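Note that the chains take the letters A, B and C in the order they are written out, and that residue 1 is the start of every chain.
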């Protein structure tokens, strides 16, 4: 075999090997590849959402601190249809703080002051406790630390606040750092079109 | 002209064997077809995630109703962001695929440097700043490895395609992905100001580091889930710029790379990039490697100094190290002639002048030891 | 006066005295037997805490009350009347008006039912609806984000107590519907005040002119005098996630408190203190 022929043979063999390697990678992994890469937080696994552990001092901040984004792709969302609209919301006020002259606690739970409290409906000006209040979370401020989620859930609250993934912010990284750091594997890949977070309740994810 | 093109190879006998080449291309095209059909099928079918029911009891619903609250209060809609649509996922892949085709055309047909710069700027803007470096083919090596090792881990189709497409392109037309489509390469490419030629030994042995890094990255990605680590992503020196955040030490390493990159062209790509290592292996066997001259090879050596990455070896673009940046094309007298910048007679003069000059410089050099 | 934990009844399980999933309310009958409603049945325990018998309820019961030979169980939209043997005598089926009945107080022919769904209190006379109670004092109904409105009869004075959780107070109404008085306010530092979002959740009148209330998050019991002076508190017996701890007192001075998480009934004894 001449030198030219040998080089030609090696070249052909290399090309075939590369083609086979790429093709088989595509076939082996393509078979079980998932179409999309959306992530969701399984409510029954997340320490901050699931029932059982309570108290903002026990909060798991992995979603706020692990995300590669400066402002995490996770934020808290208040499911208004479930919100009790309490006057002294344990997720808004730090109910353990001292009471101010208005009869309300002086400190707030949110370290970034991302929760807005507005009185709604027919307002009773004389008795603040006789009113309903709406709590909305400012997406631009919330970093998903989960303190309000921890305080809102049973038994203190009604569990209307949850942590959700902001799909518009999520970068769909090769490796999600929140998922890596999640102590309970609650941060899971759920496919391209995840159902609303409330539909995930009671599911292992 | 045609005769000139086919005679570019030194071994005329090899390039004449069109039939066998054609057969191999057909095989490859079949592979590509299978891949794309598979990809489309996956996108259409979507993912069927199996959910298992577990006990989760919501506390008593004591939320006040709309009529309790009074006036015309309406329960506001819950803030919710719709998931990224499949089209936007598809857009990433489409832009990558189109970008590869354009980069291949630029490297093989259009051959203009400004086009490669335009691709770089687009890549920095879209894949870099807009998509903030995710998904990137460089990191996808780890996803693919982890998915191979852990059968329960599904690799997202987008990541799989991002992994495969540049490699397929490399097999056909060389490392055109590196040319400017890679945001990490592009950010280094635009800071190449006064490149110096490194000694070939440094290039040769320094280039081996990327294979070491590749093996390390595969090793870490192949670990069981608890200890698995994606080191390429973790130690990505440039991602901090795209995301406008990051740890100080990584940002400073990135800045150092860019600073060194002004004189030593693309240090990360040449010496460290693990995916570059993979691309180099595949590009070693590419069907149509990047050629410096558009037609007839003159063996003049006018291009030898033009490559900032030390990829011109033996008067040819080295298949493994050529990053398809298109810088050398402008130095080729045949190219200049084709563009109409010079007359045919000037080509001869240029080549002759260079030959005399190199003889003049090499003679004293050869005589020094004596 | 202080409370001392002396006994635990029932629990979660399959044994006859245990509840499968749910324990909602507790009451004490005239013979100091304990009646507990949960799952879809009422269980009776002897005064010494031994399991006696159980009988089924037509629906999931949310509250129970006993008077003389009668046992009343509040459910969604209806209130059933049983005799001591568990025989269903009759049912007030008033689904159009009644929501979830989470509190009952019966004296003679008067029956007062706390309706959690509509956040109001209905009064019945011989099973015929009379009026809503508390609308004058609380213009928007009772504010109960905890999901339970609990009441307790004060037999001697023909009054009953309401735990109005969001307003952090205990209200006292006559059986005829007038507000007599109220006590309590929000506060985190003084144990006499009610902390958290919505406390107290449940209330029970104790013999000898005391009132016991339960709180959630953290779960605890507090004892007040009949006019609202703080006496003592009891912490640490219940599951930390317990809420809506229903209370009932017998004539011997024992207090029964449910732990809805563990499905247990905790028994407390009153201990006189020198102060």
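Annotations
Note that in this section a residue touches a chain if its C-beta (ideal position, glycine included) is under 8 Å from a C-beta of that chain, and two chains touch if they have at least 3 such contacts.
Every value quoted in this text rests on a predicted model; they were computed, and no experiment measured them.
Of all chains shown, A has the CA centroid lying nearest to the centroid of every protein CA atom. For the pairs A-B and A-C, the count of C-beta pairs in contact is higher at A-B. Taking each chain's centre as the mean of its CA atoms, C is the chain most distant from subunit B. Mean C-alpha positions place subunit B and subunit C at a centre distance of 71 Å. Subunit B has its Cα centroid 33 Å from the Cα centroid of subunit A.
Rounded to whole angstrom, the centroid-to-centroid distance between subunit A and subunit C, based on C-alpha atoms, equals 39 Å. Chain contacts: subunit C has residues 140, 145, 147, 243 touching two or more partner chains. Looking at subunit A, residues 51, 84-85, 122, 154-155, 158 sit in touch with two or more other chains. Residue positions 59, 61-62, 64, 68, 70 of subunit B each touch two or more of the other chains. On the side of subunit A, the complex with subunit B involves touching residues 4, 7-8, 11-12, 14-19, 22-23, 25-38, 43-44, 50-51, 68-70, 77-85, 120-122, 132, 134, 136-137, 139, 153-155, 158-160, 164, 166-175, 189-194, 196, 200-205.
Taken in their complex, subunit B has these residues touching subunit A: 11, 13-14, 17, 20, 24, 27-28, 31, 34-35, 38-39, 42-43, 45-47, 49, 51-59, 61-64, 68-71, 73, 75-84, 86, 89, 131-136, 139-140, 142-144, 147-148, 151, 154-160, 163-164, 167-168, 171, 230, 233, 239, 243-245, 281-282, 284-285, 287.
On subunit A, the positions that touch subunit C within their shared complex are 51-52, 54, 84-90, 95-99, 103-105, 122, 124, 127, 129-130, 154-158.
Contacts from subunit B toward subunit C in the complex involve residues 59-62, 64, 68, 70. The touching residues of subunit C, counted against subunit B in their complex, run 116, 119, 140-141, 144-148, 243.
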